[in-house]
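What follows is a set of structures to go through.
The two complexes that follow have subunit A in common; it is paired with subunit B in the first and with subunit C in the second.
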Partner chain A sequence: MARFILRRFLSGVLTVLMVFVINFIIIKAAPGDPIRTIMGKETDDPVLREALMEKWGLNKSIPEQFWSQFSNALKGDLGTSIIYNRSVNDMINERLAATVLLGIVSSLLALVTGTALGIFCARHEGSFIDGLLSTISYALDAMPSFWLGLMLIILLSSKLGLLPTQGMVDARADYQGIKHVLDVALHLVLPTLTLVLITMPGYFRIAKSSIQQVTSEDFITTLRATGMSRKKIFDKYIFKNAILPTVTMFGITLAFLVTGVTLIEIVFSWPGTGRLTMTAINQRDYPVLMGIYLVMSVSVAVVMVLVDIAYAFLDPRIRYDK
Partner chain B sequence: MKKLMASILVVLMIAALAAGCRPATNAPGNSQNPVESQAPAVSNVPIEVSSTPATGDIVEGGTLIVREAGDPMSFCPSTAADDYAYAMMQNMFNRLTKLDNSKSPIPDAAESWDVSEDALTITFNLKKNMHWWDGEALDADDVKYTFDYIKENPTCYFSSSMEIVDSIEVVDPYTVVFHMNTADMSFVARIGWYGTFILPEHIYNNGQPWEENEASKTKPVGSGPFMFESYKQGENTTLVKNPNYHDGVPYLDKLIFAIIPDDTTAIQAMINGEVDTISMIPDAFLDQMLADPNYRCDRNIYPSPWRYIFNMNNSIVGDVAVRKAIALCVDRNDMSQKVTSGVMPPEWCAYPAIAAWCANTEDIYPDVDIEAARKVLEDAGYTADADGYYVRGITVDCFEGQLVDMTKLLVANCQKAGIELILQVSEFNAWAEKIGPDPSGEGWMMECQGGFMGPDPAALASRYGTGSGSNYASYSNPEFDELCKLGAAEGDTEKRAEYYRKAQKILIEDLPAINVLGWAGYEASRSDLANLPIDGEGKWGWNEYTFTHYVAP
Partner chain C sequence: MLKKIANKCIRAFMADRQLRIGVIGIVCLLLIIIFAPTIATHDPYSFDFKRLLAPGVGGHILGTNHLGQDVFSMLVYGVGTSLKVAVISAFISGALGVIIGGVSGYIGGVTDTIISEIINIFLMIPTFFLILLIISLFGNSIVNVMIVIGVTTWPGNAKLMRAQALSLRERTFVQSAVALGETKPQILFKYILPNGIFPVVANTTRGMAGAILTEAALSFLGLGDPNIISWGQMIYQGKQYTTSAWWISAFSGIAVIITVIFFYMLGDGLNHVFNPKYNYGRSK
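On to the complex of A and B.
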């Protein structure tokens, strides 16, 4: 296992390095630059442009710019935002908590509800509930996340007044202590609900099809022939075998949710890294973009290693040391 | 769940139909008669109050939440042209002059100013009771320090504009004189806009660049009506009232700028009571907001016309006959109605008609006339090809949703006139990289943009003057340049206006650009608010909330 983890770690490092290089090339190849944002739309003063290019080192050669960014990143310094003149580390850190909170809560809820419903429907295949939930899962899959989010805002906030529309806290009330925690929880409901509704159908269908597939395996029939109880067969054999694809999907989903769900964060004004990414793209804030992409690639690599390790525990047939 | 979704869809469809059926009478400046609609006077009123401002007993205190679409770049107001920070800075700092909601200069830190006859000396008389939040006095030394720094540092937005200032002299703590090397009457207006806020010398003059000073990052020290309390990235900036403000203590206790990037979410937040005032209401929600007695909605027109600019160095659109033919294909009323639901009025003048004192309302762009467009081309020797085109392959570069829709209408009209326009849509940054002064004439042909042309007609020189960095058309006309120069140097307002009217006449004849629509949008605020920025023409600043208050029900 230790050798496997080491191998996966090295592979993850290599992946992150490749992603860093590719991202740098893509970002630099994109038209435009951050100087236009700083100058504003009202002037194209060449003297101002030249002075700002000089200040931010954007008139240096591309290899020089790459090396500067790369060497700083190796030291853990993601640089300074060209637009906001702030440490990129600080900017990402300030946003990460909001994104992680939203990502983890919605991932777990989607995993639990989607899988539970999938299992239920697999065990009651052909029933009315199975048909209804399957139809709903396809309908939810077809809905764009931002549209669903806006519909939920209109219905649950604007029309019914049950929940706050946007943000992470009530700025007017400015709650402290436990009231602040409750306020954040209340603001978390709508974006979480949207994300759960969007990601749950995936878990639902994977869980359902996996259960159905394992249930039809010969060894299950054999177990039934031995007279073993249905509950024991399900708990001990079917569930354990069928859960592996769900774990993979959870890992992938979690990695991406944790690094920001841009559209959801924009629709709900959730102050996370997804919104920061979108702003940095629009403003061509190179250091911020590189920083976010680095965090994102590291997160994905780490989660993938964790998923592989989880596999070994869940499925005794998997032996990575061999 | 199915029923719920079906209900939502039905509601949406009804809302969409209702939006499409909005009576044309709601459209400001709308006219079915093209002759009548040519009268630029329709857009001479920058603010159109559609509901009565609140009246009643003043409520002291309270919090006002203003929607902002993005984070401020920093808390140093005099380095960059930061749209998202403009409203915040307006309430935290002072300038010598400031622009009111009509975008005209009014006194700020300077209670008055005198311009010498030759316009080479401008004397600003400062108010005598101004203080920074930390108690230090704001005086002429702070003014001199601020503008000297801006002049010496080319990374400051206003630095190039300071080239015409020779030196700044402090006569006494309340008198500061700007000695100019070039006469420019627009200077007083221009220092009321971006990047000219006065900064405290005792905080900033420590050898550090302004951007690196802690005051620019986390602890701003201003002199304005509201003091900085906190900033949460991506969430909000909170200001509290300055109890010692020299122009009077604000009524509101707190002013919060809530960062909500999405327009639709912002409207829903307002309906839900999370936001109190919002600018540029999306067209889709305008009827709803106009009909709701809980809000007052006011149309604000800016001197920032949407316009087509031609690359004068290009061999095809460099021909004035082609530009005139295209100008005859512009159907402003159609564009106003179809693209902006009538919110943005047709712009017929070469300088925005809302600047009534200097806009040339006699020499204006022609109304749409497809046959006349064909005739212009035929008279210039163009012949139609087998497909009926006189001119082919003119590209039009656009970057934004409504500009694209507007251009589609022009493309269709030009096609009828035998002019092939090819619409090229880019993201803003890609557009900005491509568009600019182009000596080769091969980079682009025609483009569509907006952009501020205020606060003074001197902006004509920066947009169309020979060699100006913002003269994307690369237009050059010595007579136009001379008129702009004379206009800038003239102290008499009527004589200035006359120079600029003549300059506009030249622009109408040469057509380096075609103004199409006056940029406008509705602002919505709670109906129990009074003394909003829109009420303060000639009295207080654009986006300033010093005198804003709630009224008792």
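On to the complex of A and C.
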């Protein structure tokens, strides 16, 4: 068990390192001269160029440059935005809470509803609802998340005027206390709904197929033959055995969710890192893009390692094997 | 051998509904590409003052966009872009995956340990962000988009191919080739890759669907190639007009969904064909 955790932990560390290396290579290989961008088109003063190279550390050797960036990031310093001349850390920090809120609420809701529906369909295989839900989940899987968001805006807000579509709070009203919470919750409905619909099919499929698989195994038939009630067999044996793949799915979905959240935030003008990504792309603010990419990759890696460790705790086969 | 495969394909085509829908759907899309000039009612590149016309008005079946371009004709011409992105990027990803995974699984030992660790690491990196970063730095031409999608999505294929190679190299026909003195590259390309490629092919079709969605998402972020017609860009353009002209985004999104579903069906169907354990009696 300890070996397993150590192994997963090391591969997590390696992943973060790899993200760094890729990051660095991309920046170095990209066309264009950063100093030229900073100096502007007209000036070409060699003294100024030298000074700027010195300031940004570009006159050092490549390994030295890598090391200084790497050690800075390890200390938690992600650099400075070219456009706003502000620390990238601050820019990401002030946006992170909104993204995390949206991400956690929707991933948990998707997990619960997707799994519940999957279990329901597995127990009523071949029923009308099973067919309907399976078809819907197939279609949802093929849907671009941002398109679904736009369609929900058109249907629920533009046509019916039901829900707010933009931002996290009503900018015209300055709500305090409980009203503020309700206001945020109301703004959270549409983006969350979109993300839940997009990520649910994964949980639905995995729950359905693993329940079906466990149900068809011999030990369940044996239990049936002993005369144990269906409910007891399901609660005590099928569910416990079939729920494990869902844990893995949570990790996989998370990487997918990171992308989804970015796009959905843009659709709904949600003030999180997704919006920051969009503005950084438009302004070609690379340090900010890099910073967001690093933060995202590291958090995905951390969660995936945690999920794997949780899995090992839950599944005795892994616990005792290694 | 080939005849046997052909027979199996025909049988599977008749028996598997998903495969049938997928194949027929994609053939239809190819026909649309070939006959695009005939099918399109207008020139999708011509601008007009008849802006933001609703579907059906003035002979525009699906309306016009903010520049007066005919939405239906743009959709017709957009098929080519989506399929091109799908096929080329999935081919790159498949080829890289097959070779890297094949080498790793066949050679084994330290090489395998290192390569499979790299594969696992790449599987943990959020690919879309990487693509986004590269495209915004290196420029958003459609060629770049295709290459970058291909180069960043190979690990899944490599993992599948590695598993295949691991089991194939123990098989008798490979062992006898070793005994006959064939070299490692010969064995890899003559026996391991051709025999283990089928699951990768099925996965690659899923990858094509993924590539279409990724291209659409990049376009939606304003990183699409402005010189071509793509469904993702149409959704992006329509975003500003959700209240006044819903049809621009709506129909282009539906086009994406239908195409992606065809590729999913093809992939699932191929998986059934290549999986000897799959029982056709049970498929609906």
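To be clear about the criterion, the second predicted complex is superposed on the first by the 264 of 322 C-alpha atoms of A that agree within 3 Å, B and C clash if a C-alpha of one lies under 4 Å from a C-alpha of the other, contacts with A are read in each partner's own complex, and residues count from 1 in each chain.
In this section, contacts are C-beta pairs under 8 Å (C-beta built on N, C-alpha and C of every residue); 3 or more make two chains touch, one makes a residue touch a chain.
Here the structure is a predicted model, which is why all the values come from computation and not from measurement.
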| item | value |
| --- | --- |
| Touching partner for A:Arg95 - first (subunit B), second (subunit C), both, neither | first |
| Contacts of A:Pro31 with subunit B and subunit C, given as first, second, both or neither | both |
| Which superposed partner A:Leu108 touches (first subunit B, second subunit C, both, neither) | neither |
| Contacts of A:Ile153 with subunit B and subunit C, given as first, second, both or neither | both |
| Which of subunit B and subunit C A:Pro164 touches, first, second, both or neither | first |
| Partner chain in contact with A:Val267 - subunit B first, subunit C second, else both or neither | both |
| Which of subunit B and subunit C A:Val189 touches, first, second, both or neither | neither |
| First (subunit B), second (subunit C), both or neither touched by A:Ile220 | neither |
| Subunit B versus subunit C as contact partner of A:Ile309, first or second or both or neither | neither |
| Residues of subunit A that lie at the interface with subunit B and also at the interface with subunit C | 30-31, 139, 150-151, 153-154, 158, 266-267, 278, 282, 284 |
| List of subunit A residues in touch with subunit B within their complex | 30-33, 36, 38-48, 50-52, 55, 83-86, 91, 94-95, 98, 135-136, 139, 150-151, 153-155, 157-158, 161, 164-172, 266-269, 271-272, 275-276, 278-279, 282, 284 |
| Partner subunit A, residues of subunit C touching it in the complex | 117-118, 120-122, 124-130, 132-134, 136-139, 209, 213, 216-217, 220-223, 232, 235, 238-239, 242-243, 246, 249-250, 253, 256-257, 260-261, 264 |
| Touching residues on subunit B, where the partner in the complex is subunit A | 1-2, 5, 8, 63, 65, 70-71, 73-74, 80-83, 154-155, 157, 159-160, 194, 211-212, 216-217, 232-236, 238, 256, 258-262, 264-266, 268-269, 271-272, 274, 426-430, 432-434, 436-437, 450-452, 462, 469-470, 472 |
| Interfacial residue positions of subunit A with respect to subunit C in the complex | 11-12, 14-15, 18-19, 22-23, 26-27, 30-31, 138-139, 141-148, 150-151, 153-154, 158, 255, 258-259, 262-263, 266-267, 277-278, 281-282, 284, 286, 289-290, 292-293, 296-297, 300-301, 304 |
